[in-house]
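What follows are several structures.
In what comes next, subunit A is part of two complexes: it sits with subunit B in the first one and with subunit C in the second one.
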Partner chain A sequence: MDGGKVTVGRTAALYAGAAVLRLAIFTLLPDLPDLLTGRVEVSTPVTSFKRCLFLYNHNVSPYDGGVYHQAPLFLLLFSLLPNALSYPIFTYLLYIAIDLLSAGALWKIADSGEAGSSALFSSPRRERRWSGFVIAAIFLFNPFTIATCLGRSTSVFTTCAILHAIAKAVSGAPFSAMVALSFASYLSMYPLLLLPPLLLLCFDRQRPERAKKSILSFAATHVPVVFGVLGLLFGMSYLITGSWEFLPSTYGVQLTLSDLTPNVGLWWYFFIEMFDSFRSFFLAVFWLHLSCYVGGLSVRIRRQPLVVLTLLLGIFAIFKPYPSISDTSLFLAMVPLYRHVFPLMRYSFVIAAVIMYASFLGPAFYYLWIYAGSGNANFFYAITLVWGLGLSLLVCDLMFAVLRDEWELERPEMAGKEIRQI
Partner chain B sequence: MRQLFSFVLLSLVSLSSFFVSASAAAADYHEQLVLRPLPLSALLASFNFRSNTSLSEFEAHNFRFFPRSLGQILQHAGTQELHLRFSLGRWDSESWGARPWDGAREGGTGVELWAWLQAATDEEADHKWLTLTNALSGLFCASLNFIDGTRTTRPVMSFQPEGDHLNTTAVDTHLLYGVLPHEVVCTENLTPFLKLLPCKGKAGIATLLDGHKLFDASWQSMAIDVRPICPAGGECVLQIELTIDMVLDIDRSKRPRDNPIPRPPPGHELPCNTSKPYHSHDTCFPTDHQANQDWTLSQIFGRTMKGTCPLTDPTVPPVCLQVPNSRSVYHSDGVLEKKNLDRVSRCFEIKPDVNFEIVLPTPDDESAVLVKPETPLLYAERSFTGHGQERGGVQTILRNPSPDTEVEFIYMESLPWFMRVYLHTMSARLQGQSAKDDALIKEVYYRPAVDRARGTQLEVRMRVPPASTVFLTYDFEKSILRYTEYPPDANRGFDVAAAVITILSPAAYNLRTTSLLCSLPTPDFSMPYNVIIFTSTAIALAFGGMFNILVRRFVAADEGPEVGLAVLKKRIKERVGALVEKIKKDKGQKIPYEARNKSGKANDSGVETEVIKE
Partner chain C sequence: MSAQPLSSNDNDAPITPITPKEGAPASTRKLPPPEKPSDVRRRSHVILSFWLIVLILGLPIWWKTTTIYRADLPLQEMLEWADGKACRPVFPLRISIQATSLQDQEAQNLLRLTQHALDDLNDFAGHHLRLQLGDEKLDSADNGSALIIRLTPGEGTTATLDPYEPILDITYPPNTIPSPTASSSPLATYIASQLRTTFAEEQATISYLLSTNSMPSEHRPLGLSPETTESLAKRTTRSLKYAPTYHLTFSLFTSGPLPSSWNIEGAIDEYMKPVLEVLSPIHNFTIDTQVQLYASPGVQNQILNKEDLSSFINAAEWPLSPSIGGAPTINFIVFIGNQTIANPSQDSPTSQSWLIPQWGTVYLLSLPDDTTHVAAATLKQPLLTFTSHLLSLTGTPESGSLPLRLSTLARIRSADLLLRASSTLGSLARLAMALPSISIPSSVADGVTKTMSHLRLACDNLGGTEGLAHARIAEAEAERAFFEKSMVGQLYFPDEHKIAVYLPLLGPVAVPLVMGLINEIKAWRKRRRERAEKGAEKKEQ
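Coming up: the complex of A and B.
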């Protein structure tokens, strides 16, 4: 666990192990993928694989209906694959490959050492870190990641794109980072909020030979890239579907939350019970709340943009309109990068206990509500509240640990002492 | 004198108008009641009222037999052909056989409406449809105004116009179909129905229509059909046909009015099937097929028929009875019984002022009691599969009883938007085979639902081979609604309209499945405030926690301002002490009332500034 030499053999063994584990579950338990596809914790209306299987070839535009809320390029992707119902193996292989690609990107991020020492800040504790091998292994063998892969949620594509955007940013390829972020935003919309910290990260990690001095001119050259690629993707979608009606059906649903299928987030039950006259007001408030963290965190933790990205991914996993355990698995994949500040965290046990408690009780309470009929909607709602509180405790605690780590650079004598905030 | 004159004039006018209408009525209006005893002590009564008016007279607002109230609505909404159905109950085709009118005059449970509207664009058609449903809603005291966009579809294959549409093209004629499965049909719908008739239920067969009996039926369907008919070489006429079909339970009808609670008959009165091997003195397999076939018209309808409607075409016999000719039937005086050549039906010609009554005694010949019901072309049953409130499936079992003819038909469903149908799961398979058979489905038209705007429309052209059963299945997901979108009885479930099956070959025939009850997951209706408060608290906790960490400074535990119980105590003491001081000081400065009055305004303001300074 000390970042020792990673041989090619170990790398291959890790990837092969992860792939074989997934393939084994796919083939030995053929009912499990379909079961997970139907779980509300894994599949949301905007990431469900079952909704993707919607017949594209019935001369019906999938956007002329209330079932399909995903980007048009998924339709192209799944129509290029052999029929997922008769030859599921190709879909399985695609999802396994995507997981391995994400792990590869995460490996690069970990090996760059950006988490411990960025351009403007070097943690005194940076030597205590896990190698890319360990971090990739934690991601690949995280039960949440495995469940997402088995459930074939399309959010794995977003995860992959976000991780690649960050990996490209830390390796000094801002253009590729912007393209990857555009893909992520095109697929799920919310990653667009990651643009400011990602720009900062790219700016900090530019290659010295062609570095720009001013952040403004850097942004002026790279923000148009994002919007240009997004425009290109929208144009391609228009060509595929032949109309613009995919826009309200894909992004409008996330903005207006017209589909109230339960999920692990806080929005669905709130907007089921919301009075009609206040619905639009609270939608605006919830979106404002989701986006208000971007500016504050980017300014306050300017010296470590990767921390901002990690914290934002955690916040999105709690507060976005249709979160699933896939978003949590992305956040939990980034957290081990901060191995060096773990000793500064105060509530590790409580957080672990709450997350385990919610993970086990959530499916049970959902069953009681929907199938057994012995519980009502409040049971599952209560568990989503606990889940959200547990994750927000993790985000807060990580934020506290990182900030204290920064502070201890100024006050090295305070390491290990009692502190408080005023 | 003047009164007498006006009376004479009035009677003259009415008399003359009566003659005019009577002569015109010969071709323009007729009514007929067909009674057909069915197995299991049931009796089918089919009332049919039909009248014509020429299109030119209709357009000139010249209404004679055509009801003015309905005519004006049709003209205002640009309706060319209209079909309205109010139905209740289930036609038991296993025992009752083929449906009356080949199923063309019945609807699914609740209210069904389809019409061909003349409009240049879809929007105009929608607008006219809205006008039509709202006007009909008022006319028939039904909730037809709830047929909104989510319950309206535009069938592509299922419905064909019954009338002749000459001067219109397919482009500007729009077919719209709306259905309200939740609507409970009752007496308030019958009263406006009777008012559309020329004799208003005061004479003729309509006098037998009593709400207590009609809505006590095992199955009943009220239908209104308006269609233009253009005979070859003749002038086009607009035909209105009002039909009421009901299956009455003879057993229940004969129950005495003062003692209507059903009780099991004593053991020795049970008619038993003695041919069963297990028949003995303490076991009985009931034979009620032949039981209770003795009845009278007044027992069944609660009253006798009051003469005939004077406007009706005298050549059409008002009442027909479909029993074998060998069965003896007694009738009241002034009635002429005519046995038809087909040996299974007879008609009665009735004088205008006779109270008509027929009596069917207990038949002597057990074998010739009933006309054997015709076998329908297709049996259809639809049900939900699966459990839980998250997802489910629909299974329709379609059975072709014919040994040698294949049946081809169109199966149409209009489903509510909150059932999310997954069309890729739709499959048809033959009974006894586990694999699906794609050759059974010939054509699919599918229009998916849009949340809160449009329902799912599914039309499948398929076939059932001779003497076989086909299972048509598909899966759906139940969505959860906003709490204001649930009805007050949310846990009862939501009604899903009947599937409409239109048989194309070997003969035209319609049937409908029963409607279904779909239960959706429900939120807790009692706690919107609690949910808003809890969620907001969770968000505030997360935001507050992060905000705190971000904006506050780090210091060592022993640096910075102290906090703690001792400090708090000290601070409170200081504050209280200062307050006491201040009060004491105020008392010391208190000036007698007169003195302050004398010192005037300047002094007053001086005191004020001092207080503020403190």
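Coming up: the complex of A and C.
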């Protein structure tokens, strides 16, 4: 699977195949994209394509009415395209292009071999890996990725920006990585939490000819880049919308969870049930919980920053305020980079079973609750709990495998022995 | 739910091998090799990174988001208002005496004597009548006096109230003018008693209001007879709660298809508008009308007994909306039919209308069967009835001329509002003191401040229209502050329940955090002890 020489022809065939598959679904099943756009698993309040366009097309300030919670630059982008209702093909092509760009970035990350051997650590198993072709193919033909693309969720742009930030970081272009991360943060806010591990990754992979010795001076030169670009983007948004009202209705909504539309995450149900007086406290707790992993993981797996990024993406896919399967598809795109530690994972079967169980039963339970009326909100919440359990099992197991991989380098005599966690 | 990945971070605890299955007995169990110092330091850093977030971000956020905001309320002042210590409701009524035929000296003398007589008669400090010499040219509105006494020489001693102006005409035989040296005079006593009669009802009403509120006893007038109290209580229950605007609904109900129209607009303009206009400084009115055909009353008897009256209104079928907008509705119903009301006690002709306390009036109007249109003239009697009922529904006193009754109404209403706002303030203050865990948003504090400043203004201007306006604002603000929604959220939330809120989520999160910290501290102390022992051994060597 990994030995074959990747030729230009195979690359083109992969991209063309992915594009044709998507286009075929768009054209042969014209109702499917709109159906997916309305699914709570695909579209969250902060990524919904439908919410994006309607108000803007009707000449209403998009932030009136509390429906649209996305960055203003999306409006500019979509208004440059021909009308999505009469010429949907342009929108489809844009989304397909974004998916292919993401796959390209993923390919670069895979080919850099960073997953197996970073600057400070080389796995003894690093030879067993999949080529960029395979990893890009897994990403492109992952049903979650395809569903996200068909549902035209705007989170594909964030996915693309994050993957490019990582790709630039491993190829030794810290400045571009920071710019890409700023774009991702501008679009969805939570990628800003990826800044510390990404800085570490950039620091480890900087080109030797202009390498900085100290991590602190490296951070001091690159963190301002992120905030500078973010400031620039905010300034442009201000120019487009003419006011700062986009700030509370895009980032404010993520911070305060004012839109309680159900999604695959764990927040909505909790905050529906929450006592009003404790709401702000638990919002803070949830956000702190989401962000507290950044420091711990960056310190613990300092030698492999890409692992930290992967694990954080997994944690975000479970615990962020408005997760969708798009975040899962990004995490699942990164996981195959660790082909070499798969043999060390203990629960692969359970994880696969739980994730598939949840992805089939989730829509069914949602249907029972919303349409059939024979279930209630607990049905859907229970299945999202299972979904979260499956993903967190995967995160834990991957972390365990990576740590065990590191540990076996230290203690070669223990390789292959059964161990116990204390 | 968050325990899963958190505990996975404990992966950095050393991984130790399980003894091989065929392995040696437990005593010879292979110990893991000592940890490298770099691993130990790294583990401390990991634990530190979690605890730093908890301590630096978590604790301040917890403190800030869960402390109950309690704005400072001027509790003492609020209680003073409620106890009536902050304001003595005093109604200084100025009464002008116009005596053009008298010498200035004589008039002064008469005034002094009358004032003496009045002061002797008056037993209620809050309601004070002050006489002054008035000028012919000025009328009551200009110099702010409540009543003008016009003294004219005549045959005998008579007193008549002018029906349209607040003027009391008193005639006197010229020989009754007191001499400058006299210490009493029948004329002065007469004037004083006339004044007292004129204002008796107002005095009684205000003292009734004060006595039902928690005013200190020294301000409370004595000597309200039980009958007076009862009739006042009756009138108070009959009248609607004060509102700046009332909505009047005029309805024509008929049991058949006819009559189908009525000239209510013309009738209102002609018979009711004048009264509405004079009431306008105190109340605004909005009006709507409706005609309902085939409306059957709740009681079909030809002669309605007293018990029937309460069920006459067919509340289920008649479209009488309770309240439109914020304003309370007063209903005036004309029912076309020849039913009559039995009047058991008197042998006067059967009456045709009755007043429903705090609700409105029903008038039974009998018309020939083929009337299709009710003319304005036919509506004269119903509307005059409605007008007089409107006055009593708004709480207007019953005696005296209309201008006097209205100015009295304004004063009674200001006193009423003032007292109600004060007692609301008191309740709020007692609530704030009794429940230390109730939150007091700043909007409540604002409302209290506003209430008190308007109360002060109202108290200083009692008796004038300004006083009424301020009392009105004060009452509205006090009610708004008292019924602030966000105050009651925490009310029934005892501290024990907080455990139930915190524990399910924070418990699982805290276990790995706390355990990690404890283990780390233990290990650190052990290392320190070992180092100390090593140091001691070295020294010994």
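In this section, the second predicted complex is superposed on the first by the 418 of 422 C-alpha atoms of A that agree within 3 Å, B and C clash if a C-alpha of one lies under 4 Å from a C-alpha of the other, contacts with A are read in each partner's own complex, and residues count from 1 in each chain.
In this text, a contact is a pair of C-beta atoms (placed from the backbone, for glycine too) under 8 Å apart; a residue touches a chain by one contact, two chains touch by 3 or more.
None of these values were measured; they are calculated from a predicted model.
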item: Simultaneous placement of subunit C and subunit B on subunit A, clash or fit; value: clash
item: First, second, both or neither for A:296, with subunit B first and subunit C second; value: both
item: Touching partner for A:81 - first (subunit B), second (subunit C), both, neither; value: neither
item: Touching partner for A:419 - first (subunit B), second (subunit C), both, neither; value: both
item: Contacts of A:64 with subunit B and subunit C, given as first, second, both or neither; value: first
item: First (subunit B), second (subunit C), both or neither touched by A:277; value: second
item: Touching partner for A:396 - first (subunit B), second (subunit C), both, neither; value: both
item: Touched partner set for A:269, first subunit B, second subunit C, both or neither; value: first
item: Which superposed partner A:38 touches (first subunit B, second subunit C, both, neither); value: first
item: Partner with the higher number of touched subunit A residues, subunit C or subunit B; value: B
item: Subunit B versus subunit C as contact partner of A:353, first or second or both or neither; value: neither
item: Of the stretches 1-9, 307-315 or 595-603 belonging to subunit B, the one that collides with subunit C; value: 307-315
item: Intersection of the subunit A residues that touch subunit B with those that touch subunit C; value: 266, 275-276, 289, 293, 296-297, 300, 315, 318-319, 385, 388-389, 392-393, 395-396, 399-400, 403-404, 407, 411, 414, 417-422
item: Contacting residues of subunit B [partner subunit A, same complex]; value: 387-391, 417, 420, 422-424, 444, 446-452, 479-484, 521-524, 527-528, 531-532, 534-535, 538-539, 541-543, 545-557, 560-561
item: Subunit A - residues contacting subunit C, complex; value: 266, 275-278, 280-282, 284-285, 288-289, 291-293, 295-297, 299-300, 302, 315, 318-319, 385, 388-389, 392-393, 395-396, 399-400, 403-404, 407, 411, 414, 417-422
item: Residue ranges of subunit A touching subunit B (in the complex, touch as defined); value: 38, 50, 53-55, 58, 60, 62, 64-67, 85, 258-262, 266, 268-276, 289, 293, 296-297, 300, 315, 318-319, 369-371, 373, 376-378, 381, 385, 388-389, 392-393, 395-396, 399-400, 403-404, 407, 411, 414, 417-422
item: Sites on subunit C touched by subunit A in the complex; value: 1-2, 4-5, 8-18, 20, 33, 42, 45-46, 49-50, 52-54, 57-58, 61-62, 65-66, 439, 489-490, 493, 501, 505-506, 509
